[in-house]
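Each chain gets a letter, A, B and C, in the order it is written, and its residues are counted from 1.
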Amino acid sequence: MSAGAPVPTRAVVAALIRKDLRLELRTRESVPAMLLFSISTFVLFHFGLDARSLEGDMAAGVLWVTLLFASVLAINRLFVAEREEGGFDGFLLAPVDRTALFLAKATVLFCFLVAVELAAVPAFAVLLLEPSALPGLPELCLLLLLADAGIAVVGTLVGALAVQTRARDLIVPLLALPLMIPVVIAAARGTAPLWLEAGAEAVPGRWPAILGLYDLVFGLLAYAVFDYLLDE
Amino acid sequence: MNRHTFSRGLVPLSIASVVLLVGGFAMVFLYAPSDADQGFVQKIFYLHVPLAIVALVGFVAGGVYGIRFLRSGDRLHDLRSYVAIHISLILAVGALVTGSIWAKASWGQWWVWEEPTLVSFLIVFLLYACYQPLRFSIEDPDRQARYAAVFAVVGGAFVPLNFMAVRAAESLIHPRVLSTTGGTMPGSMRITFVVALAGMAVMFVTLCKYELTSKHASFQLRALKRRLAGEDDGWVPVRRSAAPQL
Amino acid sequence: MPPAEAGTAAGPAVTGEPAAEPAVELRGLSRAYGERVALAGVTLTLPRGATLAVFGANGAGKTTLLRILATLLSPHAGTARVLGRELPRDGWAVRGRIGLLAHDPLLYRELTGRENLAFHARLHGVAPARVEALLEAVGMTRRADEPVRTLSRGMTQRVAICRAVLHEPELLLLDEPLANLDPGAAGAVEPLIGASSGAARVVISHDVEHGLGGADLVLGLRGGRQALLAPAAEVDVATLRELYA
């Protein structure tokens, strides 16, 4: 065993992800809350909108706004264990590249989002869409994945920033929601054609493109800037 | 630290901004023609658009100074970032208000949600409105400066991205004053607009310099007080604030 | 890189010169919290394998000093060299050779002791067998599969000690290492974090007699400033008590 040589980033990221997923399985803090919130919101909309089913823009809007708010729940909790149980120090003491924490947390958040969507999107379809709906599954999945990546990147950054301030629960939505509005816009406008009453239409290419650009820009930015949040 | 660093050029800049702004407004009322569609009310455009443009550029500048601070650790950059964002926020309020007046006069509503430029500007404003509360919520001055810089950098990148996304979901209500295809601005309007924009930009820089000079002076004053009081005698407790401490 | 360092750390060099750089070398180390001085002008040299005992009242700057040595904080003025490397520039190079045992055990409460240690082992590139060996050394093998939040403070402390020495650090930074430990446990951890461990140590202790007993060098802090620096043999308990007055 070498005397404190730096550990390869890949191994570190894997260790961090394992740890976080294990913690989530044990404490069940994030994913159930997100799921419960999403499904309750869909139910409320079902009754509140007094419409038999939604289509197009309306449907897409309801889905994406709900997912966005659900993600705020996860972002709030993303770094809490680190903050309260000395996880930051424990990580900072290791001979590892500090960006590994960003990569790991973003991946974990992404996994949470995917897990929630696996249940929430079908629930949404059942509660709020026409019975014939959920065509265009590949396009939907693409949009979901791209949007999740954007939310994961921005959410991790905002989560790390907010956890060390005094008003964490307030700052996360105040910062994350405006930053994620382009994601909502692009994802909703992209999803809308899939759920038209008259029949699914093609998704205009510019929406996945905007999502991709957003992911790229903020991904690189967050990667560059994350270290500064951990320094002292 | 050179005490003339910030105040140098303040007087010429102030004069220049006054000249440009007064000249610009004179041109607005005396020189530029009235718009065929909207009539006199359209003249608020010469105030609204420069405010908006300068505010957005100011936000991005705040991000640039944020990057410089993170890389160098020089608190002065943090101060510049703070001041740029601070004043841009004020200009942004002005832009929103004038935009609202213009909307009411032109289209009969105080706010138009379908209009991408207005909405994306509002989103940017709401984001940056959190800048000072964020700073205030962090007590440690080092961390406050660093986190504020991170925020400024992310916000600065967000501004163009946001406008692009919202514009792609476009509507055609907002007069595209600067687009090449739709812009049918006669030369006299264009000149007036440029003068107004220049005046607003110079005024922004002047206001920034004023605030920088004033803050710098008060820091030096406090440093002197501390030195006079003797370093060991406990410390002068600083009131918690959102503004950077040098 | 590591082999060259190991060469100099092992013992006197072939030429017969004093072998290694000191474990800790501070010159005028200062750190402020806003405008409040946390540490000012701390200057000392600690040879390899030696023990520095740090004393001082609450708020005197002991924890700040420890955290700077652990590379968690960067100095605002002065220089700090740890294991031959300058901080904060080369912090990344020495991090894996320093062990910190602070107030906070740095363990995730919902994970078991074993899982926590396995996680830290992966972060430090340490073989899993070491985890088992350490758990046995501190007598925690039986309770290692229960969540940390169910453990008593003494047991948590023992697991924390395992975490701190997992990667066989050359410099140990200990803040009240024997807190909450019964005499049996204290004896069990002695070879890991005590003077016999062979590592250079910086120990914060409020137990004046005991802290003095295990030390080679003594540092007293008052208000962030160096009030006392002397070899342990020349310091008596009464002088130390004045630091707390």
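The definition used in the following text is that a residue touches a chain if its C-beta (ideal position, glycine included) is under 8 Å from a C-beta of that chain, and two chains touch if they have at least 3 such contacts.
A quick note: this is a predicted structure, and the numbers were derived from the prediction, not measured.
**Q** Touch graph of the chains shown: is it line, ring, star, complete or other?
**A** It is complete, because no pair of chains fails to touch.
**Q** Which chain is most central here if centres come from C-alpha coordinates alone?
**A** Given all protein C-alpha atoms shown, the central chain works out to be A.
**Q** Can you work out the whole-Å distance between the CA centroids of chain A and chain B?
**A** About 31 Å separates the centre of chain A from that of chain B.
**Q** If you average the Cα atoms of chain B and of chain C to get two centres, how far apart are those centres in Å?
**A** Centres of chain B and chain C (C-alpha means) sit 49 Å apart.
**Q** Can you give the whole-Å distance between the Cα centres of chain A and chain C?
**A** So the centre of chain A lies 39 Å away from the centre of chain C.
**Q** Quick check: what residues of chain B touch more than one other chain, meaning two or more?
**A** 139, 142
**Q** Could you check chain C for residues that touch two or more other chains and list them?
**A** In chain C, no residue touches two or more other chains.
**Q** Of all the residues in chain A, which ones touch at least 2 other chains?
**A** 231-232
**Q** Residues of chain C touching chain A in their complex?
**A** 1-2, 5-6, 70-74, 92-98, 100, 102, 104-111, 115, 119-120, 122-127, 147, 163, 167-170
**Q** In their shared complex, at which residues does chain B touch chain A?
**A** Per the stated touch rule, the residues are 70, 123-124, 126-127, 130, 133-134, 137-139, 142-143, 146-147, 149-151, 153-154, 157-158, 161-162, 164-166, 168-169.
**Q** Which of the residues in chain A come into contact with chain B in the complex?
**A** 157, 161, 164-167, 171, 174-175, 178-179, 181-182, 185-186, 189, 206-207, 210, 213-214, 217-218, 221-222, 225, 228-229, 231-232
**Q** Under the touch definition given earlier, write down the residues of chain B that touch chain C in their complex.
**A** 139-142, 226, 231, 235-236, 238, 245
**Q** In their complex, what parts of chain C are in touch with chain B?
**A** 33-37
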